[in-house]
Structure formats: C-alpha cells, structure tokens
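As structure tokens, here come the structures.
What follows is a pair of complexes built around chain A, which joins chain B in one and chain C in the other.
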Partner chain A sequence: MNSIVKAEELSCFYGIVLGLNNVSFEIPAGITGLVGPNGAGKSTLIKLVTGQLAPSSGSLTVFGQRPRNNPRLLGQLGYCPEREQLPKDLRPVAWLRSLASVSGTPWWETRALAEQALERSRLGKEHWKKRIGTYSKGMKQRVKLAQAIMHDPKLVVLDEPMNGLDPMGRSEFGEILKELNEQGTSILVSSHILHELEFLCSGFVMLNWGRVLASGSQIDIRKTVVEWSDEISIRCSDPNHLAAHLQAQGLLRGFLADGQDLTIWVNEPEQFLAAWPQLFAGCACEVYEMRNKNQALSSIFERMTR
Partner chain B sequence: MSHAWNAQYRRWQGQSVGVWQRRLSIARYGLRLCLSGKIIKIFLVLAFAQTFVLGAVFFLFGQLVAPESALLTWLEGLGGEQVVRVISGLSSWALLYPEICVDGIYRVMFYLMTFSGPFLSMIIVALFVHRLIANDLASNAIVIYNSKALTRWDYLTGKFIVVSTLLSVVWILPVLASWLISNFLSPDWSFFYHSFPSLLRGLAIGSVAVVSLSCLALLVSSLARKTGAAVAYWILGWFSLSIVGSVASYAHPAFNYISPTQAIYDLSAGIYRMLDLVNDAQEMLPFFGGFFKSVSDGTDPSDLPIGNGEIVLPLLALAAYCAVSIAVVSRRVRAS
Partner chain C sequence: MSESHNRRARFGALRGLLYMRIQELVTPISLLRAAGIAVACFLLFLLVGLDRQEAAQRYQGLVAGIFALKFLPIFCLTKGGETLRSELKDGTIEYLWVRPASKVELYFGFMLSSYLGILALIGPALLGISVAGLTMGVVGLDGLLALWVTILAVVASFTAISGAIGSLSSKFVVLGIFYYSFVELGLGAIPNGVQRLALSFHTKSLLSGMVRDGGNLSLEPFAWILATGALGLVVGAAVFSQSRYVVGSEKEA
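Moving on, here comes the complex of A and B:
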C-alpha cells in the first residue's frame, strides 16, 4: 500500500491522560475518515499529523517525514481546525491573503489564490465583501476550508468539519471534498457521526479510547462482519412491485414501503445477500441501493465498541 | 460530475517566497491590525513630533554659530547689537570647542528625550498590546498559524517586528531623523562629525529600549487569554514594577532595576554620561565653569544634580527581562 500517513506503535499522552495508546496504521491517498466517539483520540491524531503535538512514543510520518517542527512538510498540508478561529473584523479575502502570504505565496499573487480558494469552497461571491463575524456557521466552515486548501496542499486534514451544519450543508461540504479529491488532494476527515462519512470516504480509521479498532478500506472493514441482520434496506424505483416479487418467492417475513425506500425482513439473510442478483431478476424495477443493517459502518462500529 | 470552476482550476505553480518574506507578512498583517485605532495614530504622531522639536533646537543652535545668519539679524533687530555680541561670544566657544558644544547640545537634547520615551511607550503599547498575541490566543488563530509552513520563532519574529517598528517611532526615529535634518541644515559640515557620537549614544539607548520593551510587550500579550486583560496587565505591570522597584531600592539600590523604566533611565544616564560632559564643559568653557561652581564647589561631583549613571546593572536587568520574556512567550505560542 502506498501510504501517505504511517503510524507505528504510536502513543500520545497528556500527562497521565491517554490520547493515543500504541496504535499502528497506514492511511493511503484518497479520502479517509477518522471516526470514533468523543474522546476516542481523533483530535489527538489530527494534531500529531499536523505537527502540533509530538508523539510520546512510537513514530508517525506524513509523506515519509515527521511533521513536528517541519515547516517544509507543513507547507504540503492544509488544516481545518474544529473550533472557530476566524477574525471577526476581517473580510475573507483579506484574511486569506495574509495566510497565503505566510504560507509562502508572493503577496501580488495572494488575491487570485484567495479568490480561487473561496470559489473552490463555494462561498458565494456576494458574501466576500462582508465581515467574517456576520457569517453563518456554514459560511465560516467554507472560509476555514478555503484557508486549508488555498496553498494547494497534498493532504487536507479536517477536524469535525460538518459539526453544526444542516443536512444540505453537510451534503454540499461532502461534494466539495470529493471534488478536491478528484483534483488530486488527499483528505483526512474526522467525525463522530459515521454515516456522514460512509458515502464520502474510501477508507477509515476507527478509534475508541485511544486505540485503533479497525483501519482500511470500507470493503476490508465490511469483511469483518460475520453476522448478518435480517433487516435489509433497498432504494428502488417501485418498492411495492419489488416487495410483491420477493414475497411471491417466499423470501420475506415482512416489508415496509415508503416512497422509494423499501425495508424488508428476510428469512435467510446470508443466502439472500449471496444470491440477490438472481432473486431480483425478472422484476421490472430499478434497484439503486441495498444495505444490510449490520453492513452499515455505524452498526459495525457499534458492535466493535460494545 | 465536472463543475464549471473545476475546469477553470489551475494549480499554483509559482516559486514560494523565503522565510523572511513570511515573517514580514506576519509583521505587515500585525501592523495593519495594531494601527486600526485612531488614538494610537495620534500618539505615534506625538512621538514623531519630537523629531521637529529636536530638529528645531539643533537648527537654531546651528544658526547661532553661522555668520550673518537670519537669526542673528533678527536678534539684532530685537535686542540691539549688545545681544548679538553676547550670543556671538557664546557661539565662538562652539566654534572653538565643537567637540564639547556641538556634541554637548545633541547629547543634552537626546538625553532629555529619553524622559518622554518610557511614558509614550507605555501609552502606545497599551493601545495595541491586546492585538499582538493575545488576539491570536483568544481566537485560537494561533492553531492556524502553527499549521502553516513556519515555526513559532518565525511567528514571534513577525510579532517582534510589529512592536519594535511602533516603538522605534518613539525611540529611534526622532533621534535619527532630527540628527539628519539638523545636520543637513547646519552651517558647517563638521557638525556631522562632532554630533555623530551623540547619534550613536541615542541609537544605542533607543535600540536597547526598543528591544527590551518589545520583549515585555510580547510577554504581556502572550500571558493574557482575553484581549482586554492584556491592556490591564501592561498598565498594572508598568506601575506596580515602578512602585516595587522604588520601595525595594531602599534595601539595595540595584533593586531599582526591577522597574524597566528605571533601568532605562539609568542606562540612558550611563550612556549619555552627562556628568562627564559637565566636567569637560567646566574645564574648557569659562562660562559653564562659573555657572556650575555656583551650584557646587566642584570638588565633589556628587553635589551636582546629575550623574553618569550605570550601564552594566540596568543592562543586565533588561537582558533578564528579555530572556524571561522569550522563554515564556515561546512556550505560550508553541503548538499545543
């Protein structure tokens, strides 16, 4: 695996308080989710990756280098912190220009770069003349994202970026991150709400109490599931028709149709999941998505932390 | 899905600027923030106005020793030929002993200026100290700075440039500007040569004051978590250290240097060495000799209301303040 972040027996303690406890993992290029409940060690790991903390023991490398006191490496990283760190009295372009300049961009080029970053983070031009203090939570998140991506980093690290955003805002933020990734930027994003990241990230590092519960791609993590739930959610063009089709084959114990969503309870979940393409054949209905309740990452994570 | 801006996006391929440019960026941004108030601009103008006061005194002195100057003609018209004779007599000493008279007038004026320096510095720093580091700590902007391609020392260097630039308007700019202006307007190019030692003395005390007060301002700003507290710490610290220094000096005179103001005053006296100047004047200039003999019989220099001051102890005290400030500030702004 061509990893961009590599931790080996990494530990970090705040005095006697545990931050991370002897963890080893690798993060490949792409969008990686860092998930875990509050206090799991997500922010500690992010601070280690961005060089704001030094490991107590073990090692952590980003692009093969240690990030602590390494400005050359930090120039390749973008960091979007969890808390609001924005100057209320400034306009976004002025603030971004000063940060671009601090990151090494010649002053005369900072305006173009700042405006481009605001466009990439989709902050409407009509808001650029306003002071940051007047912005909504979502707009402030976009400005924070803009400062993180402005200098074209190879890796953007985002600490709980979707906190406080409404569902539409979260969805749009996810789209922005996907587009950044398509442009070649790797992303490490933390959240304690797993389903937010499920559709966004190709890989995960799952943390709890300072330990890594699982890490790797979604497929790898799903392979760890040994028990399948009898509850399956399907999104399709005609739920009633599909339910009738499956019912006719004697597969269902019950179903619930709601709009395009169909929830079914099957008699033999493992066999159903193994043979679903054949079972659905002959039904004039388009299936968009199918999920086993236990296959959802949130369920996997719940069982791991139990 | 390809978005319109996606197609337009081009990665920046330019050459990054060096670390000093980045530090200067912090300084430029900090200066803009610190100068955003009106009152600070008024006080900076007042501080710079010292240049014109000093320049005017030096210019008038130069005119007194210039033959056929407009000033002498004006004085002649005002008080008659007798006034002109008296002034010509006095100014002839200046021409005979320029190393005492020219250097002396610059030394006296620069020395007097050091008395306004601490007061103006206290006011001006109080007006912007909360915008230095306290602002970044309070808003957690320090986290963003720490994630950029620069070290905490680069950040502190930028902030130091902000304070020292503003304090230079109080301590260094008036000395340098008034020296240049007055010498360009002087009747004799030898004024450059004879006033140069005074300029060096002025720059020396100015540099020490700017560096030490800048370090202290950074310290105070980094100690405050709330911006308003920084101003309170600065003013209270200034006055309380002065009071503590004065009281403690009864136990031992060296404790006087607990107060940075007192340390600067004494260092200034040590650098300008006013007693030496008076003694030289007593020996060389009959008029001054007579004048000072009326104050003291000349056998004991301590009778005179001036002294040569100290250099080593106040300098050590200010250096200690700088060392403590750097140690504390660097810890306060380091990442986590």
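Moving on, here comes the complex of A and C:
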C-alpha cells in the first residue's frame, strides 16, 4: 500500500492520561475517515499528524517524514481544527492573508491565494465584506476549510468539520471535500457521525479507547461482517410492488415502505443475500441500493466497541 | 504546490500577525474608542491649567508621576501577555501552530501584536496629554519628544516582560501586578544600585525636568530600559518555544 500516513507502535500520553495506545496503521491517499466516540483518540491522532504533539513512543510519519517541528512538511499539510473560534472582528480575506503570510507566502501573493481558497470552499462573494463574527456556522466552516486549503496542501486534516451543520450544509461540505480529492488532495476527516463519512470516505481508521479497532478500505472493513441481520434496507422505484413480489414468495416476515425506501425483515438473511438477483427477477421495479443492517459502518463499529 | 509556495518570505509571521492586529484595530468601534481616549485625556489634563501658576508643575507631576510611573507599568504588565494568552484560550493559535513558521517567530509576532494593541490605547492618551500640554503652554516640543520616546521604550519593555510572564503562566495579570510591586516599587526603592533593575527608576530619570528643560534624554537609562525589555523577549521566546501548551486551558507541561 502506498501510504501517506504511517503509524508504528504509536503511543501518546498526557501525563497519565491515555491518548493513543500502541497503535499501528497506514492511511493511503484518498479520503479517509477517522471515526470513534468522544475520547477515542481522534483529536490526539490529528494533533500528532499535524505536528502539534510529539509521540510518547513509537513513530508516526506523514509523506515519510516526522511532522513535529518540520516546517517543510507542515507546508504540505492543511488543518481545520474542531473549535469554532475565529477572529470575529476580521473579514475572511484579511484573516486568510495574515495566515498565508505566516506560512511564508510573499505578501503580494496573499490576496489572490485567499480569494481562490474562499471560492474553492464555496463561500459566496457577497459575504467576503462581512466580519467573520457575523457568519453562520456553515459559513464559518467554509472559512476554516479555506484557510486549510489555501496553500494547496497535499493532505488536508479536518477535525469534526461537520459538527453542527444542517443536513444540506453537510451534504454540500461533503461535495467540496470530494471535489478537493478529485483535484489530487488527500483528506483525513474525523467524525463521530459515521453515516456521513460512509458516503464520503474510501477508507477508515476506527478508534476506541486509544486503540485502533479496524483500519482499511470500506470493502475490507465490511468483509469483517460474519453475522447478517434479518433487516435489509432497499432503495427502489416502487417499494410496495417489490414488497408484494417478495411477500408472494414467502420470504418476508414483515416490511415497511416509506417513499423510495423499503425496509424488509427476511426469514433467512444469508440465503436471501446470496440469491437476491434471482428473487428480484420478474418484478418490474428498479433497485438503486440494498444494504444489510449489519453491513452499515455504524453497526460494524457498534459491534466492535461492544 | 507551486514554486512560490516553496519560496518562504522573510518575517512572514511578523507581517501576518501585525496585519491581523491592524485589521482588528481599524474597526469603527476601535477607532471611536481611540478618539474617546484622546479627547478624555485632553480634557482631563486641561484641568491642571485652572491654576495657571502651578500648571507646569502639576502637568509634570501628572504625566511623569502618575501616568508614566504608576499607570503605564500596571497597564502594560497586565495587558502585554494578553495576545498570546487569548490565542491559547480561544484556540485560534491552532491555526498558527500548523503553519511552517517557528515558535520563536510566532512569539515575536505575538509580542509585536501586543505592543501595537497597547499603543492603540496609550497612543491616543499620549496625544491628548501632549495637545493639552501645548495648549496650556506648559511643555515644549523638546519635552514632548522626550515624553514620547521614553513612553514608547517603556511600553515596549513592560510588554516584553508581561509576555514572558504570560508564556509561563495564564495567571499573568496577577503575576504582572506582583512584578510591579516587587521590582518597580520594592527594588526600585533600594538606593544602592539595585534600583536600576526597576524600569520606573530610569523612566523617572528620563522625564525629570520635562516641562522645565525638555527632559533628560541620556543613553544609559535608555540602554537599561531596552536591555530589560530584550531580556524579557528572549526569556519569553525561549519558554514559549520549549513549552507544551494545551489549547483552551492552562499550560500542561
């Protein structure tokens, strides 16, 4: 695997408080989700990746280099902290210009960089003249993202960037991240809202109590499922018609249709999942998506932390 | 990354933090506050002109005795470490720590920013005081030159000392007052050479006779003031660059 972040027997302690405990994993290029409940060690790992903390033992490399006190590497990283605090009296362009200057960008180039970053993070131009203190939560997140991507980093690290955003805001934020990734930027994003990351990330590092529970691609992690649930979610063009079709075959114990979503409870989940193409045949209904409850990342994670 | 990103501009951290502070200081509220301070000081100092015969003496007493020797040290010692500490408390320092700038550079940037922030309050006050002195005819331009140069140097030094205290502890306000009591009032009163450690001693010497013969701008007191400030700056930068801080709360280690 061509990894951009590599941890080997990495531990980090705050005095006697455990942050990360002897973890080893690799993160490839792409969008990787860092998931775990509060106190799992996500922020500690992010601070280690961005050089804000030094490992207590073991090693962590980003692009093959240690991040702590490494300005050359830090120039290739972008970081968006979890905190919402921003300088409320400043306008976004002024703040971004200051940060670009701190990064060592020649002054005459800072304005163009700041404006490009705000455009890429989709903050409407009509808001650029307002002070950051007057911004909504979603707008602040865009400014935070803009400062992280301003210098065109190779890796952007985002700590809980979707906290407090409404569903539309979250969806649009996800689109921005996907767009960034398509342009060649790798992204490491932490969240405890697994559902959102599931549609965004190609890989995951799952943490709990300072330990890595699982890491790898979504496919690899889903392969760990050995026990199938009898609850299956299906998105299709005609849920009632499909339910009736399956019911006629005596496969269902029950179903629930809502809009394009159909939830079914089957008698033999393993057999159903193995034979579903044949079982669906003859039903004039388009199936867009099908998922076993146990296959959902949140469900996998729940079982791992049990 | 483009080639321009790899080419780091010199003093970028200083310029960036200074620009940020200037932007904060040119808000309508800040400008209004500065104007208010200038007018208030002007009117306050005009009151000493009510007694024409003793106006010069009272002006000297108020400026040198109260403003420069009492108010300024306390104000600067309790305000100088604020920029650094509020960055740590608010967490906005995280945006700076992950940039390719050394901690020493950042510290100097914070101190410069603090200095500018204090001058934004002291400057208008000094302007009001100066205009009042000229209006009453109790001080000449040479006296005001001595006053301005001395105050600028003293503010810089006290800011650096407060910054050093702030890099050590979040209780920089209490420790700043303690420093003032112990060094400026305590050591400054010991007449066997120890008093040279107190900036107030040198300030007093520089401003003596300000209204009468235009002050006493000699090199030695200036050297003491600036050397003390430089020492504070170096100590603060060393502590800041070596310490590990927990953002949003007290320093951890």
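Just so it is clear, the second predicted complex is superposed on the first by the 305 of 306 C-alpha atoms of A that agree within 3 Å, B and C clash if a C-alpha of one lies under 4 Å from a C-alpha of the other, contacts with A are read in each partner's own complex, and residues count from 1 in each chain.
Just so we're on the same page, a contact is a pair of C-beta atoms (placed from the backbone, for glycine too) under 8 Å apart; a residue touches a chain by one contact, two chains touch by 3 or more.
Just so it is clear, the structure is predicted and the values come from calculations on it, not from any experiment.
Enquirer: Put chain B and chain C onto chain A via the superposition and say whether they clash or fit.
Expert: Once both complexes are aligned on chain A, chain B and chain C clash.
Enquirer: Pick one for A:Arg91: touches chain B only (first), chain C only (second), both, or neither.
Expert: The answer is second: A:Arg91 touches chain C but not chain B.
Enquirer: Once chain A of both complexes is superposed, is A:Cys236 in touch with chain B (first), chain C (second), both, or neither?
Expert: In the superposed model, A:Cys236 contacts neither chain B nor chain C.
Enquirer: Mind working out whether A:Val5 is in touch with chain B, chain C, both or neither, as first, second, both or neither?
Expert: Once the two structures are laid over each other on A, A:Val5 reaches no partner at all.
Enquirer: Could you say whether A:Glu179 touches chain B, chain C, both of them, or neither, answering first, second, both or neither?
Expert: The first partner, chain B, only.
Enquirer: Mind working out whether A:His151 is in touch with chain B, chain C, both or neither, as first, second, both or neither?
Expert: Both: A:His151 reaches chain B and chain C.
Enquirer: Looking at A:Gly15 after the superposition, I want to know if it touches chain B, chain C, both of them or none. Which is it: first, second, both, neither?
Expert: A:Gly15 contacts chain C only, not chain B.
Enquirer: First (chain B), second (chain C), both or neither: which does A:Gln116 touch?
Expert: first
Enquirer: Considering only the stretches 42-50, 96-104 or 132-140 of chain C, report the one that runs into chain B.
Expert: 96-104
Enquirer: For chain A, give the residues common to its interface with chain B and its interface with chain C.
Expert: The overlap between the chain B and chain C interfaces on chain A comprises residues 50-53, 71-72, 74-75, 77, 79, 81, 83, 85-87, 98-99, 101-107, 109, 147, 151-152.
Enquirer: Mind pulling up the chain A residues that touch chain B in the complex?
Expert: Contacts found on chain A: 47, 50-53, 69, 71-72, 74-75, 77-79, 81, 83-88, 98-99, 101-107, 109, 113, 116, 119-120, 147, 151-152, 179, 182-183.
Enquirer: Tell me, which parts of chain B touch chain A in their complex?
Expert: Against chain A, the touching part of chain B is residues 3, 5-6, 9, 11-12, 14-17, 19, 21-22, 25-26, 28-29, 135, 139-141, 143-151, 154, 335-336.
Enquirer: What does chain A use to touch chain C in their complex?
Expert: The touching residues are 14-15, 50-53, 71-72, 74-77, 79, 81, 83, 85-87, 89-91, 94-95, 97-107, 109, 131, 147, 151-154.
Enquirer: Provide the residue numbers of chain C that touch chain A in the complex, in ascending order.
Expert: 1-2, 4-9, 12-13, 15-17, 19-20, 23-24, 27, 90-92, 94-102, 106, 109, 244, 246-248, 252-253
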